[in-house]
Amino acid sequence: MNISIIGATGYSGVELIRLLQNHPTAKIKSLFASSQAGLDLTEVYPHLTNIEQHTLEELDVEKTAEWVFLATPSGVSAKLVPSLLEAGRKVIDLSGDFRLPKETYESWYNKETANESDLQKAVYGLPEWFKEQIQNAQLIANPGCYPTAAALGLAPAMPYIDPKSIIIDAKSGVSGAGRSASLATHYGEVNENFAAYRVANHQHTPEIEQTLQRVSEQQPLITFTPHLAPMTRGILCTMYATITEEVDFQEVYKAAYEGKPFIRLRAEGSYPRTKEVSGSNYCDIAVHVDPRTNRLIVISVIDNVVKGAAGQAIQNMNIMAGLDETTGLTFSPLYP
Amino acid sequence: MNISIIGATGYSGVELIRLLQNHPTAKIKSLFASSQAGLDLTEVYPHLTNIEQHTLEELDVEKTAEWVFLATPSGVSAKLVPSLLEAGRKVIDLSGDFRLPKETYESWYNKETANESDLQKAVYGLPEWFKEQIQNAQLIANPGCYPTAAALGLAPAMPYIDPKSIIIDAKSGVSGAGRSASLATHYGEVNENFAAYRVANHQHTPEIEQTLQRVSEQQPLITFTPHLAPMTRGILCTMYATITEEVDFQEVYKAAYEGKPFIRLRAEGSYPRTKEVSGSNYCDIAVHVDPRTNRLIVISVIDNVVKGAAGQAIQNMNIMAGLDETTGLTFSPLYP
Amino acid sequence: MNISIIGATGYSGVELIRLLQNHPTAKIKSLFASSQAGLDLTEVYPHLTNIEQHTLEELDVEKTAEWVFLATPSGVSAKLVPSLLEAGRKVIDLSGDFRLPKETYESWYNKETANESDLQKAVYGLPEWFKEQIQNAQLIANPGCYPTAAALGLAPAMPYIDPKSIIIDAKSGVSGAGRSASLATHYGEVNENFAAYRVANHQHTPEIEQTLQRVSEQQPLITFTPHLAPMTRGILCTMYATITEEVDFQEVYKAAYEGKPFIRLRAEGSYPRTKEVSGSNYCDIAVHVDPRTNRLIVISVIDNVVKGAAGQAIQNMNIMAGLDETTGLTFSPLYP
Amino acid sequence: MNISIIGATGYSGVELIRLLQNHPTAKIKSLFASSQAGLDLTEVYPHLTNIEQHTLEELDVEKTAEWVFLATPSGVSAKLVPSLLEAGRKVIDLSGDFRLPKETYESWYNKETANESDLQKAVYGLPEWFKEQIQNAQLIANPGCYPTAAALGLAPAMPYIDPKSIIIDAKSGVSGAGRSASLATHYGEVNENFAAYRVANHQHTPEIEQTLQRVSEQQPLITFTPHLAPMTRGILCTMYATITEEVDFQEVYKAAYEGKPFIRLRAEGSYPRTKEVSGSNYCDIAVHVDPRTNRLIVISVIDNVVKGAAGQAIQNMNIMAGLDETTGLTFSPLYP
């Protein structure tokens, strides 16, 4: 399996490179990074010295390999994907461009996306819930980091909670903001600091609602609040919903995630921590029931760069290729 | 004003020492720290070299000065306060022992507290809401760190929100756990990590409910979730409630906090960050309204060691002493 | 005393604002920040809300107050200072432009500086060693952060060590790089990371040599290595030199720094830590003698933004104004 | 290859578990951790959920597998190793007990170690320099973290530098202090802080000298200063020595490390950073020559838990077993 990565030098791109090192049958054939074309990869990322030798290239669709990962800012893949599909490539898009209906996308992202017919070719790549569609897809819309953690954490509970009562309070490490230098990612501004951002208007809101709606009979209306935590990797979602039917939630989740290798349902009432999945493709989930307030409280954690981006993309590639979905992804988190 | 601190070498104790340095009329007379009695203060805290010269002492009520701050673990002040009151001291207790009715305390803290008559002598020291009672108190129950941030953030909104819909998602720096060494405060376990703890059973829950009930006609039932963030200082509360009456919340808050020197109401829709109050006694608050879900979202930030503990204690002392409440507390946050 | 700050929105500028809040006789009259002129200060730094109300201005020498602090990048004050001096201002320049002879500056900074006659008006503002000259100065070249920590740490030992054997291994927090966004200050690149930079060619090298030469009969030749540590504030210098005369170094240092209020000579063989001076104007120093290798090892720590920049600048202002040098600077470090 | 780990729940032990997951022929058979015997491994380390299922056991030499890793505090393996050797086990000791001559050990560690005859069975496991002896060893003294980074960084230069001029200024992440809770590893004390410790008397000093002596004709006398940096993983050594013979150091290092898969000689004058080897078994090295002072300055970085402990231990195991030394260790560092 020959691989090309477009947008190879962002944090998702370089994580794809790290993970593909570990993959038994995939091999990186070309790395595209327009702003750094001509440089050696190790000039940009010295940690890859002696590991991956590539010259970064200007994008040329004809030079892409059979499998193409797009790790580009929103708006880019909307333009590139049509020609990649036409050229017969299997495409996994890590951006948000193909995840939402056209109108929803454009109202939350404030930019144009692809046309309807291309959007309809895309399969939403959350393997724990849509594996069958993924198997036959040519184009994957790889889920966002927050939507992965949130939807995996809430989906099993949907039949038993009030879908209008859902509140998702999410905390992310700084790598989620990408590698571009800005005041928002300046060490002096982020270290020893904690902040919310984009309250009530983050573009991942409709993506979470869409997924929760697809996996249930329910039409959710959620409040989603992202926060920036002073750490590099990790997302923790704390999710609240009013219980409408008293069930054994631990059993409900166990049933939902049986045979899903990357979901680790932790003991009821326990506290998964972001570091416990760091560097890995796992999503750890724990349910809590508060009888005093009749609320379900779910905690889910992922590594935003792995299960929230590059790792899930490879999991999707494995499924599309007919491989075991864990191929190349069965390693321990890095702890401490 | 002569001051004694009992429990002087914990993080709240040493912050009292820092802040009292800055106070024009208060002077530390004695520092008690039983486990370290006999040591010089600067052996425990070298950063106070040339600043504060004291030998740490074994507690002796007779040796306490007129003003006594108790910065001791829960359960200690319940035992000490009666004799301090009897000796005529003015007492500010930073622990939880005198904040709640006996039964409530004992069911949430799982230990005994003082008897009813002593409890009734205590005034809850949240100056922005209970300044008059504080003026005449001999014993102050200084609020908890989370309850300070949460109650200040929600109190003005109470008449216009559903009191059963309140969810408080709180994030705290590690100093809130005190200076005792444990796996929970080990750098390798906390750094690059994020976790929830004590979901649905944290002892600050009834304290928050009690305050919100006192400042309104409402009986709230809250879900309160504390989290540990990889930083030393700071609490950020993200608070959610369903709006029952559409009002101009910015105006409501402005009216509520006019003339309250330590509340900085920030622009509607803005994002106060913990570092913006670090080292200071300010509580910064911003309101957000989400028309899509009809929810009010309030963000409040404090420095847990200052407004959440030592700073508020001095603010209370000022009020009890008839001083301007800002005396010794008007300095800028440390940024960056 | 009316104050103007040019370059008010960098980290040194905003620290001047914080510290001047605390000063009994100084008052900020105008803040200049060309790139942000027209903005309110609190739009750039919300932590100053309700503390300091100023509109940022375009620089105009005529609008400057009697006392001018220049907190600008290297090369700027070389151009501004002549007109400020002509206008009769007392000037404290936090940049490197007036610290070195013209030729030395231009060879290490790779840019032009002021002309010789202006350079000769400048007094090097290290009060512990040059207080008399500072008292009569109109223009102060405020020392660099590394040179402050290094020179204070080594100066007393100079007569008893080999001046060609000196090695200074320095570690700094990220705030030393300023507030400009760049890959070098990006959280994802700095957090959980440690690196050296500018080995053998950092522009503070000749400044350290010059100071050590001035305070002794010795002509030092030093190796100076700066490093970037994953923290916001603080510099620690570990300094090595071969002992040429066996003396009681603790006594030598005690004698040298008697009556210097911001030097805290710690016990011989002890370990000052950066956090123990954080937010304060102290420089803590400890000497170690290694008889096995006949080396003196000195550790010094400062807060790079305070004693390494804004705090020392105010200390210089106090001396120039005939005030006690500690005026407005006698507060405790922030710990933890 | 069946593996037992004694001291399985310290940071080196759990890193062995992580790395052995990745090893194609090694399999963990038993994990010993006396203080936590009876617990499931995932109760102590939830990040290993679904990855490694083991009950922690009380140590019993008879139950150990053919390959035994000792990840125990100093003093323990001195007592255990004799019976393990007698039982025919292949032993890799990660502690310092078998690294030094008896007298040297006891004077620097202040405790007793094994007897001479057992000590002489041990081979010092620094594969880049002693691979042949390792191939035939039954007992490996796995090098210390600092000695690995320091010796690898200086060894090639030894013939061309003054061996009495060597100064090693080392900076380590907190994981080097192990998982035991103490004030020294408390987050509030370590975060935003930087400190030296054990100046001129750290027990790794003679280990570094011994290795440098073995690889050259030179008898070094070094000053070694360890520091604690606010990060979890990583060691960076900055090393200084006076040049005695002008050679092309880049070529010298290239020749020395040709064919050594875990040494990545970086470009002359470059700046390896700890994060660039994080989670990996690489040691990155860069040389700098300062003609002004005639000094060689070498920078080396490792992950203290991998190349400084568990990774090097597995590298040694591979060599002892006749496998390629990189088996199971060829993965990319985790970046960012």
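For reference, chains read A, B, C and D in written order, and residue numbers begin at 1 within each chain.
Everything that follows uses one rule, which is that contacts are C-beta pairs under 8 Å (C-beta built on N, C-alpha and C of every residue); 3 or more make two chains touch, one makes a residue touch a chain.
Given the structure is predicted, the values throughout are model-derived calculations rather than measurements.
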| item | value |
| --- | --- |
| Pair sharing more residue contacts (C-beta pairs) when A-C is set against A-B | A-B |
| Greatest separation from chain A - chain, by CA centre | C |
| Computed distance of Cα centres, chain D from chain A, in Å | 36 |
| Chain A and chain C: spacing of chain centres that average the CA atoms, whole Å | 45 |
| Gap in Å, rounded to a whole number, between the CA centres of chain B and chain A | 38 |
| Chain D, residues touching no fewer than two other chains | 11, 175, 179, 188, 191-192, 230-233, 272-273, 275, 278, 336 |
| Chain C-facing residues of chain A, complex | 11, 174-175, 179, 181-183, 185-188, 190-192, 230-232 |
| Contact set on chain B toward chain A in their complex | 164, 167, 169, 171, 173, 188-189, 191-197, 199-200, 221-223, 225, 227, 229-234, 236, 238, 240, 269, 271-275, 278, 288-290, 292-293, 295, 297, 299, 301, 336 |
| Interfacial residue positions of chain B with respect to chain C in the complex | 11, 14, 17-18, 21-22, 45-52, 175, 179, 191-192, 232-233, 261, 264, 266, 270, 272-273, 275-280, 282, 284, 330-336 |
